[in-house]
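Chain lettering (A, B and C) follows the sequence in which the chains are written, and residue indices restart at 1 in each chain.
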Amino acid sequence: MRRYLVPLLAACAAVGLAGTLYLVFYVTKLEQNLFFNQKIFYWHVPNWFMLFSMVFLCGGASIGYLVKRDPKWDDVAFAAGELAVLFGAIGLVTGSIWGKAAWGHWWIWELRLTTSLILWLTMLGYALVRRFAGPGSEPLCAGLAIFGMVNVPLVYFAVKLADKLGQASAHPKAKVVAQLDASMKGTFWLSVLTFALVCALLFLVRIDAIRDARRLRAVRERGLDAGILEP
Amino acid sequence: MPAEPAAATCSAGVARRTTGPVGTLRLVAAVAGKDLKVELRSREILYTMALFAAVIVVVFSFSFVKDQKALVAAVPGVAWAAVVFAGTIGLGRAFEREREGDTMRALLLSPAPRLAIFAGKTVAIALLVVAVEAVVLPLCLLFFNVDLGAAVLDLVLVLVLGAIGFAIVGTVFAAMLLRIQSRDVLLPVVLYPILVPMIMSGTKATAAILAASDADAWFWIKFLAAYDCIFTVVALWTFEALVIE
Amino acid sequence: MRTLVSIVTLSLSLAWVAPVGAQPAGGADPAAAPAAGSAAPAAPAAGSADPAAAPAAGSADPAAAPVAIRPEPPAQPPAPPPTGEAPMCRLAGPPPKPEAGKPAPPSQHSAMRQVCEDELIKDHDWWWNLVARLRTSEHNQTSREITTNNRHVVMAYAAIWLLAVGFLVIMWRRQQAMKLEIARLEEQLRKVEDEDAKRKAAKATAKSPKDPGDGGAA
């Protein structure tokens, strides 16, 4: 069953991507505020949903790893962390382009954008630590993921309260998921489903690679200990 | 109930209790005192941190000059940038000293609870950062021609709360990074995003104090205190699991 | 003790931030409403509700927009733009040549512009006719741009594909590195196994001539 899961998910994701492209460009109506540029929305928002779900998965798996000390939890956290970096990058870039189209600026220090940037920087630090810190860095990464997760509401409220105190500029706020037309709603939720499939697919592929790398390291350790292999 | 003398903590030969809240506080004071005594012998970290912070303030203050006067709007950013950068250097150096002497392992093998060790190191780092802030604050007020009067005390409170927050989060991460390669570069990379709410509220509180708007200033001071509390709690619950060596 | 400290500190922090966080929300709105109300000159007093202020601000806007020289609007509505070719302005001959040796002045400082502006001020109908036509054509142009602009959408989708493909390339390279490592380890294992087999074979051949000697030594 497991062997067929990845190809099946890949097929569903491909169908979903093609389907949403067709729906977005040929079926949904033109929105009356941003006209054509609003179509970025169908692929921008699902990326944010995936980012936040991956961040919470990473944080939850890190807590699980600290409690149970089982490498399987650590693998889940690793894969979720890397995918969070990918989806965050996509979300930030498309959000910046949306911002240019909608407000005329490539970047403003607005609530959602700031919180997302700090979160993405935390996950980027996580990915760097995984890459460069060498063995024995699992507790550090787990700690970083947990502190990062706790940090998110703090940053959110700091920026929100700063805006309320009138210390932010009078830029318009982003109304990301506003009242949607019926055809737009259908396309939007289909995009969310498609991106969830893509995310699940990338997650499965990545976690297989991580597990193989871990098994390889373990086998290598055993070989070195037994004196069979040269370092 | 007679307390077990878990460790002799004073040279007079009288063993004091080291269990319970009072005992934990004594251990915290002992660990912090040890760190500060070692530091005061050579004063290496103190001098280098203070000079680095002073240089940052000087460089930024003449980078933001207009009509031969430095922009007062730059004061919060410059001050907090100097504190955070100098603090990171001091933090890295303090734990490097532990690593060189392998004293961290000795501390962790001692019967003192991990909580006391962590709290003791946090107190020591906080005091070092406060010392640096004592250098940064007068320099900023001097170079930017700011005259605050009694409001300086509010500013001192903001800086002290910021030092505590920096020490809490920084100690946890520096201790975790002790046995990791590339720890020098990874410390700022992992630490700064977590410090963002502290820097944000610190700079906003400083700006509010400079603009003499008390309500705003006190709001941000309370937010900074809340940040300190929340991360103290998180650190308390995760420190033992995260720092195993 | 940890639980106690956690509960105390968390409740303290929530107590500090929550009520103060609610206040500025209430404090800022009455402060914002009078500011918006006073900006529109014809708006009613600050106590009025926002929806009432918004249409008043909308209608007062064109009149309040600053323009350098502005004649009074004509008593009767301006004549509609003519369907055919507009009559040429009697001043629309070739511009005067610049003096010898001097470069032509930029158009906003030219003598022609000042003459045109003087004539426009004298002729109200012409002014309004011209403004109406320019405004319509500008609106048409802008609305055409807005409704068909797909620059940003293309950029966004291109960015998504680039980042996704970049991620896949990185994963693929890591997979290749792992495959190389596996091949290298298999090579080493095979070498070690070969040496083992050779040693065993050498031991077996070394033992066999000794065996008849063992039996005969007794």
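Here is the rule we use: contacts are C-beta pairs under 8 Å (C-beta built on N, C-alpha and C of every residue); 3 or more make two chains touch, one makes a residue touch a chain.
Fair warning: this is a prediction, and the values are worked out from it, not measured in the lab.
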{"item": "Interface with more contacting C-beta pairs, comparing A-C to B-C", "value": "A-C"}
{"item": "Chain at the geometric heart of the assembly (C-alpha centres)", "value": "A"}
{"item": "Chain whose mean Cα position lies farthest from subunit B", "value": "C"}
{"item": "Approximate Å spacing (C-alpha centroids) for the pair subunit A, subunit B", "value": "32"}
{"item": "Chain centre separation in whole Å, for subunit C relative to subunit A (CA means)", "value": "20"}
{"item": "Intercentroid distance (Cα basis), subunit C paired with subunit B, Å", "value": "38"}
{"item": "For subunit B, residues that touch 2 or more chains besides their own", "value": "219, 223, 227, 230"}
{"item": "Residue numbers of subunit C (touch at least two other chains)", "value": "17, 21, 24"}
{"item": "Residue list for subunit A, restricted to those that touch at least two other chains", "value": "161, 165"}
{"item": "Partner subunit A, residues of subunit C touching it in the complex", "value": "17, 21, 24-25, 28, 31, 146-150, 152-153, 155-157, 159-160, 163-164, 167, 171, 174-175, 178, 181-182, 185, 188-189, 192"}
{"item": "Residues of subunit B touching subunit C in the complex", "value": "21, 24, 115, 218-219, 222-223, 225-227, 229-230, 232-233, 236-237"}
{"item": "Residue numbers on subunit C that touch subunit B, as the complex places them", "value": "1-2, 5-6, 9-10, 12-14, 16-17, 20-21, 24"}
{"item": "Complex contacts: residues of subunit A adjacent to subunit C", "value": "30, 35-37, 39-40, 43-44, 47, 86, 89-90, 93-94, 97-98, 100-101, 157, 161, 164-166, 202, 205-206, 209, 212-213, 216, 219-220, 223, 228-230"}
{"item": "Complex contact set, residues of subunit B against subunit A", "value": "169, 172-173, 176-177, 179-182, 186, 189-190, 192-194, 196-197, 200-201, 204, 207, 216, 219, 223, 227, 230-231, 234, 238, 241-244"}
